[in-house]
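Naming follows writing order (A, B, C and D), and every chain is counted from residue 1.
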Amino acid sequence: MHKILIINTGGTFNKKYNPISGDLEVDQEAEALDSLASKWLCKFNIINIIGKDSLEMTNHDRLELLATIHQSNNEKIIIVHGTDTMHLTAEYLADSDLEKQIVLTGAMVPYSIDPVEATANFASACGYLECLQKEGIYIAMNGLVGPYEKIIKERQKGRFVLKNIT
Amino acid sequence: MHKILIINTGGTFNKKYNPISGDLEVDQEAEALDSLASKWLCKFNIINIIGKDSLEMTNHDRLELLATIHQSNNEKIIIVHGTDTMHLTAEYLADSDLEKQIVLTGAMVPYSIDPVEATANFASACGYLECLQKEGIYIAMNGLVGPYEKIIKERQKGRFVLKNIT
Amino acid sequence: MHKILIINTGGTFNKKYNPISGDLEVDQEAEALDSLASKWLCKFNIINIIGKDSLEMTNHDRLELLATIHQSNNEKIIIVHGTDTMHLTAEYLADSDLEKQIVLTGAMVPYSIDPVEATANFASACGYLECLQKEGIYIAMNGLVGPYEKIIKERQKGRFVLKNIT
Amino acid sequence: MHKILIINTGGTFNKKYNPISGDLEVDQEAEALDSLASKWLCKFNIINIIGKDSLEMTNHDRLELLATIHQSNNEKIIIVHGTDTMHLTAEYLADSDLEKQIVLTGAMVPYSIDPVEATANFASACGYLECLQKEGIYIAMNGLVGPYEKIIKERQKGRFVLKNIT
């Protein structure tokens, strides 16, 4: 099996209910991926950075993400990312001419509220990356996985769809 | 995206607690995959056959599975199967010279008890199959996905591992 | 067994994640109590009114609650209520000289995120009310159940405690 | 609030899925009540004894239960018990002329599979016991709570019902 690096940047995937504030907040402990690894009976190689809702992600944050990718020896990388700006980050990485295979994934529903969608998105990214042989930036969401240009969030429906299917 | 056929044969993946008998039983309604599709915000093409614990699967059942595969037009197939005889069925299908890409998957913990492992196994099979270009019989379990000869159940540990790792 | 009327006014007990907005909202369908009744294998007699976060509850809403209580023939009533102004409503009802046995309950964590605390609060109210023989206004939260003056929300800790314990 | 002693004897309430054997087994660690206390934001005073499916409970086990009750200083006791012989144990305790208030409770569905019914049964026992002033043996199951003679398991329906209601 290939060694995959997971870069966890936050987003809805990692949100957790805070009973004191009554709000959902990005879990800075990033327990979601640890729970997933433990229940899936496998180990992940995880780096936690940024820890934000993707609407609050700045250019500085994307620079930090890029630096983290550059510093790693892994060819195969999964980025856990908020869904609202996933496409923006995908384009940013595509413009950076990385000689890596990178799959972005995330969730519409926090793992801590219902783990099914988050788990399925993430695991489909793992399976795809295991088989992948071509460098590039990919997205894995809601049963779709492929080059990032083809898969896009449809906000009204609250899920990712294939682009330009009529 | 490729059209994937899912053949659901039962196994632990589909087990459900029966409060009257106090036992876990293979759910003949096969609600697990329907729940997964609904929460993953996508649609599956599912055929439910056999509906057994894999220890009770007979040669007649495997013949039914083979016939179902032959009758389908899909090149890409996921088989949800009990873990105890998953390898036996994989060998049986490998001997049948099918010109198809087939991934067997299942679960150590029923989806209805805790959906995380079942969901992750299944979704990693989906991601792998989406990218796959070579015919053959594969297994996706516990973060591992690849040719069936390389991935095997380790009964004492209760999970699948890479073969011949010492 | 006594016939208990449940008046559901909303609050965190009934909050549900909306994947489109990314927010928790009071579920106007009030599915939480229906789910609880179905899993507890019993039937509830429920009236849904107001449907608000308790911080947004107005005097007009409390008047509606009072009218609903007056109109009912039940002597024993459970009110599901948000926790932030539960005490305010308890005082308001206490000042209304109702000849009823009323227990207010709610949750710090939405039933839809984790059902345990919401279920336990509600069921402890049911058990208390079943045995109760004295009119008055009571609160059941976090393992405590008794006259409303004695049980109060401690905001920093995010739970209800006995008053005047030092 | 009154000090309640919880005597946990096992039963379905405490059953847990064992992925190695594929069976449900009474959890000897008794994590269910610890989880319930932690999520309900309160503390329980628990003694774990016997740890069996109630169909396997012997006269010797009931003697141990009786001895545990005699040794405690608590007037108010909850016994978590399997549902199949809950009535047998209730009668046994009723014949023992204990000067205590004792509520037996349990679950049709293990807390670890779905916590709602187990939690609701247990919490209704807590609420009832808090208000109770009369010695005796009681049962709290499926929304019913009262003297043990009145509440009985209906095996075909898989739930407890009021006796002799026609």
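Simple rule for what comes next: a contact is a pair of C-beta atoms (placed from the backbone, for glycine too) under 8 Å apart; a residue touches a chain by one contact, two chains touch by 3 or more.
Here's who's who by UniProt: A, B, C, D = Asparaginase.
Not measured: the values here are computed from a predicted model.
Asks: Both subunit B and subunit D are touched by which chains?
Replies: Correct list: empty, since no chain touches both.
Asks: Taking each chain's centre as the mean of its C-alpha atoms, give the chain farthest from subunit A.
Replies: D
Asks: Rounded to a whole Å, what is the gap between the Cα centroids of subunit A and subunit D?
Replies: 45
Asks: Distance from the CA centroid of subunit A to that of subunit C, rounded to the nearest Å?
Replies: 39
Asks: Could you give the separation in Å between the centres of subunit C and subunit D, each centre being the mean of its C-alpha atoms?
Replies: Taking the mean C-alpha position of each chain, the two centres sit 26 Å apart.
Asks: Would you mind listing the residues of subunit A that make contact with two or more other chains?
Replies: Correct list: 108-109, 158.
Asks: For this structure, give each pair of chains that are touching.
Replies: Every pair of chains in contact is listed here: A-B, A-C, B-D, C-D.
Asks: Report the residues of subunit A in contact with subunit B in the complex, numbered from low to high.
Replies: Those residues of subunit A that touch subunit B are 1, 35-37, 39-43, 108-109, 114-117, 119-132, 140, 142-146, 158-159, 162.
Asks: Inside the complex, what are the residues of subunit C that reach subunit A?
Replies: Touching subunit A: residues 12, 17, 19-20, 22-24, 108-110, 112-113, 155-156, 158 of subunit C.
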